[in-house]
Each structure stands twice: as C-alpha cells, then as structure tokens.
Amino acid sequence: MRHGTRLAAAITAATFVGLLLAGLGVSHREKSIATATGFAALPPAPAPVLKVGRPKMLSGERYVSRWTVVRRPTAAHAAPSASSVVVARLGVSAPEGTPNLLAVLRARTGAGGALWVLVRLPVLPNGTVGWVSRRSLGSYQVVKTHLVVDRRRLQATLYQNGKSVFTAPVGVGTAVAPTPAGDFTIRSKLTRYASPFYGPVAFGTTARSAVLTDWPDGGFIGLHGTNQPGLIPGRISHGCIRMRNEDIVRLSRLMPVGTPLAIR
Amino acid sequence: MNGFPHFDQFLTAVDRDAALAETSSRAEAALSRRGLLGITLGAVGAIVFGKTSVAEAGAGLPASDVDILNYALVLEYLQASFYTEAERSGALSGATAQAVKVVGATERAHVKAFRELLGSRAVARPTFDFQGVTEQQRPFLRTAVAFEDLAVEAYKGQAPKVRSNAVLAAAVGIHSVEARHAAWMRELFGITPAVNAFDRPASRAKINRIVASTHFIVSRPRMKARNKPHFTG
Amino acid sequence: MRLRGPEVGRGEHDSPGEASSRRAVLGTAALAGLVAGLPFFRELFRLGDALGSPSKAQDAKILQLVLQLEYTQVALYEQALDQAGLDGELRAFAVAALAHEREHVAAIRKALGANAGSKPTFDFGSRIKSAEAYRQAAIDLEDTAVAGYNGQATNLTKATLGAAATIVSVEARHAAWVRAIAGEVAAPDAVDTPMTAEQVARSLRELGMRTQ
C-alpha cells in the first residue's frame, strides 16, 4: 500500500493511542468503538460553560423596603375587608404624572381568601395607612436604601444596606410652614423641566404639608435643588426639603424611586 | 382565589397575550442587532488579549446556543424572582419556608451564572407581578410545582437543539436539579413527586403560552417624568 | 502533524517485517514526543475524540451501561420491598419508583434489541436488610443514575439524548423524593456533577452489582 507521509503519521499515531490505551485494558481499532469492558472509550463530559457559584441566602433583609403602584382606581380601607370604612380613594397617578407609588407594609388574607395589603397612604394626616386589595396593585419592587432627613441638624443622609453613602446639608420648612415629621416614600423623579427654583432634579414624596392644605396638587412635600444655595442649611422653605444642586445631582445617582424617607 | 388560574388550567393555557413571547423576541432582536457582532468582537478580543475568562468563552458560542441560553435565563429570572419574593413575603412557614430559602438561593445562583456567561448579550430581567401568589402558602406551592415542572420540560425540550457540548454539559447539570426541585415542591404540596416513568419535553411555543397566560410578566413602572414640579417649595 | 525521524518521509513500500519494526521504533519516538510535546498529544487525542463522537454504535454502548443501572435499581427495590421491612412513605416510594425503573428497563431493552445485555446478578448485603440502609442505598443509586446519564449527554446522538432526557429527570425526582423522606434537604446542590462511564460501573459494583 502506498501512503502519503501525513496519512502514515496519522495511522501510526492511531497505533500509539492504542499502545497508550493498551495499559487501560482497552483494545483499539481504527474504525470501531473499543469493545471488551469498553467504557474507557467513552469520553468524559466536557467542562460546562456555566460556572454556577455557591448559592447564597438572602442577606441584609432588614434593609429591604417594598413598594408597588396602584394598578386600577381603588379604595383603601381601615381593615382588610371591603365592608370596613374607606380611609382614602386612590387613583393610578400621582399629581406629578407618574404612577401612584405606595410603600408596602404587609399582607393579610381576609375573609373569603382574598389578599389585602397594608400600604402607606399619601393623605392627611401624615402617617395614615390603609388596606388595599392585592388585585388593585402592581408588581412589588424592592429597595435597600433609606433616606433620613434630620430637621434639627439640617442634614440629609442616604443609607444603603444600613451604611451611610451620602450626606448633605438641607433647607427645610419655616416654623409657619414646617416640613412634617414621619415615614414617607420617594415616589417620583422629575427632570428636564425648566424651573431654576427647583434646580436640575426634583423628587416627589408622599409627605404633605399639614398647613398648606389648599395648595395646588395637594401640597405635597418635594425634595429638590435650588437657585438660592446660600440659604442652605436653613429653615427657609414652604415645607420642601431643598438641597444644593450639586448635592441633589449626586443623590440622584444613588437613590432609586421607592426609597423610604424618614423625616425627623 | 385572587383570579389566579388553577394548576390544571396552567397546563391547558390559552394564548392570551404575548408577554414572554415579547421578551423572547426582544431577546432575539437584541441578538440579531448585537449578537453576531458581539460574538465576533469577543472572539477577536480573546485572541488579541489571550483571555480565557468565562465571558470570553461565552463569546465563541453559536448564536442559536446564545438564544437558548437567554431563553433559559428568562425562566431562571422567573423562578428566582418568584422564590425571593415569596421568602420576603413572610407568608410561608415550616418545611415550605425552609425549602424556599434553599431553592431561591439556587435559582439566584443560576441567574448569576447565566448573566456572567452572557455578559452584555444577557436579556434584561423582566418585571414580575406575581399578583399575591407569593403571599399565600397554598397558591404559592401550586405555582411552584407548575414552574418547576415547566422548567424541567423546557430544558428537556431544548437539550437536543444545543450545538456546543460545553453548553449541553451545563444544561443537563441544571435540568436534573430543576427536576429535584419539582419533586421537592410536589412533596411539600402533598402530591406525588414523580408521576410517570418518563417526563415529557415541551416546545418553546408551549412554554411561552403557559407563562404568558399567567400574566406575571408586566412592563416596568416608569417613575420618572419631565413634568414641572408643583410641590410646596 | 509530521513525525520527524529517519524512517518517515519516504513514502516507500514497507515489507511486513520492516513495517512492524518501523512502528516499534516510531512508537518509542512518538511516545517520547508525546511526553515532550503537548500540542502533538492534542493532535493524537483528536483521533480519540473522533472515536468518541456520537454514533449509533456508541449510543448502543451507552444504553448498555444505563441498562445495567436500571437493572440495579429494579433489583434493589424489589429485594428491599421483600426484605427491608419498608412501610409508610418509604414503601410508597419504593413501589412507585420500582414501577418506573421496570418501564425504563423495558424501554432500553427494546431499543437495544438483540444487543441488550443479560441481567447481572446482585449482592446488596445489608443494604436491603433495613429501611434506613435501603434509604441510603436508594439515594446513592438515584444520584449515580443522574450523574451517569448526565455524563453521557454529550456522547449521545441527538435522538437518543432526547430519549435519555425523559428518564434522567425522573431519576432526579426519585432522588429528591427519598431525600425528603429521609428528612434531608431534597436538592442540596445548585448543579449536578456528571460521572464517567467507568465511575458509574465502579459505583454499581460497589453497590452490589455483579456482572457475568
């Protein structure tokens, strides 16, 4: 038989494989699968392309806050029952035009198996909560941040997983039109409006002025920039929390909508 | 029961909306836009810089395998989000609460692995509205059983279509874990963990129909706007 | 890849005697080359890959392996149901799983036709003498089945892969089921590691399978 040198090399290479494998007790033929015990001829599985790491339990859960949006107009009740007193009526939008965001506190199964969710309500008096049918609400979102505004120290601090990641001086309301204390939620983010008074970005909150009740759009407290940075820190606003523009821009990169807001 | 379909209805779902199909087709559109280019650039990058990281290894995969991986990723997102939300709801107790911790951690690990491999070609996490199913133990278990059985069928349906052996090796190693999960959830729910001697595969069309029928995949709420603020100031 | 050496490169006819002595010399040379040259080794191994790539003949070999697995499961469950004093959920598991494994045996035997190997004999020792021992043996065997099937996935033709996939998930369900009965975490791992065919064969022998 005549063979090209490369083919000769290949055929002899096959014989070498055979010599190698002979020690493993596998007889080797060019074209057929090894017989006898033979399992050695089955290649091992290749390395999987996915590297699955060690599963990790949830952590930092005490920093988790949940929020949702109103999916269809609904009533919030005093108890997890459709027959209990209506505390507030909720539409699908906040006055600033974004979905109506509500902080989720807990859920309970009512009579008849229906699920009710306790939420913070953006109504007066501040701090009001109510039960809403789960069916009226949308998806649950999670944040691990929380913002604390200290009216005495005139300072705002953002925490991420319990760790302080941002702090800045603030202006708050005067004695006549104070910023209210309590637990609220950052519910919207407004940008690219033309209003230097509010600075480059403004956050809507669920907090309301207890005194400016006739204010257009309900007298909601905002968190926003300013065209009077010299007044900060100070007690100078109608209730809003004001920040220097560079600070609120920095904050806007760290704080997602839905972040709980504690005003002390 | 909060308008949520029963387990049996789950399996005979009617095609009502195309939420998951939309997600799949967005993934496909993304792939056709970036996929081939991404693969080429990745391969060049590997040669030029001699990297052998998992991400670069992923860059050499056939486009159809990337598509299958993204399809599996959506199902893993669904399961991971489902178990995580259920664990956080505080509605589960006993052996179910314990199981959810383990299975949730596993599905999250799967998601992480897929995302690391696919890099910029990974589809984004959808927004899920589980409509209370994560907040009551019986509905939760019923749905968990359905999801796990679904995942098993999905992996089984795709395995013979995988072209790369490294992807196939990964897929079979996860497929059997999902089957363990399925048996576990069934046992917790009180039904037999293994009904038949042979588990059937399911086509992508069937999986998409079933997932779409749950209406769990929703659009992301848009919380930003350009409106002028009307706060008190 | 070319071998370098005095006898190579001429393309001449060899007489049988010359051919075998030439192979012997080249054998030594190439073995040395093997040790010295990794790329060469890879070239060699490529031939090995070609022999390991999917084919109907290879499917048959793999099916013979998994048939042994299934025979072992049938035998273990039959004997345990007879002797291990099983009751409650463990008994219910054994009855259900036995029925499944018998169906697996039947299906694989049908696929292999005349090439179906004969049933091995078994000596399970103490594993079938108590519920606890049986429980642990069942977990080991089901895990081995999963690892064994998974390990061969890339060696199978696509058609047989599809069929094998319908079985492996049932074995995985069994494994989780009996772990749950044992009060263990039903699915402790995020991913299942495969076993090679040899590892499966060894594991079966350790469990009590005796081939003819």
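For clarity, chains are labelled A, B and C in written order, and residue numbers in each chain start from 1.
Operating definition for what follows: a residue touches a chain if its C-beta (ideal position, glycine included) is under 8 Å from a C-beta of that chain, and two chains touch if they have at least 3 such contacts.
Remember, predicted model here, so these are calculated numbers, not experimental data.
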Remotest chain, subunit A as reference, centres from CA atoms: C
Of A-B and A-C, pair with higher C-beta contact tally: A-B
By mean Cα position, the chain sitting nearest the middle: B
Chain centre separation (subunit B, subunit C; CA means) in Å: 31
Between subunit A and subunit C, centroid-to-centroid distance (C-alpha), Å: 47
Computed distance of Cα centres, subunit B from subunit A, in Å: 19
In subunit B, residues with contacts to at least two other chains: 102, 105-106, 109-110, 165, 169-170, 173-174
Junction residues of subunit A, two or more chains touched: 45-46, 48, 50, 52-55
Residue list for subunit C, restricted to those that touch at least two other chains: 150, 153-154, 190-191, 194
Subunit A-facing residues of subunit C, complex: 1-3, 8-11, 13, 23, 26-27, 30-31, 34, 43-45, 47-49, 51-52, 55, 57-58, 61-62, 65, 150-155, 190-191, 194, 196-198, 200-201
Subunit B contact footprint on subunit C (complex, rising order): 96-97, 99-101, 103-104, 107, 146, 149-150, 153-154, 158-159, 161-162, 165-177, 180, 185-194
Residue ranges of subunit A touching subunit B (in the complex, touch as defined): 45-58, 61, 64, 66, 69, 95-99, 101, 106-107, 109, 113-115, 134-135, 138-142, 173, 177, 187-195, 197-198, 202, 204, 209, 212, 215-217, 219-222, 224, 237-240, 257-258
Subunit B - residues contacting subunit C, complex: 99, 102-103, 105-106, 109-110, 152, 156, 159-160, 165, 168-170, 172-184, 187, 192-194, 196-201
Subunit C-touching residues of subunit A, taken from the complex the two chains share: 1-6, 8-10, 12-17, 19-20, 32-34, 37-46, 48, 50, 52-55
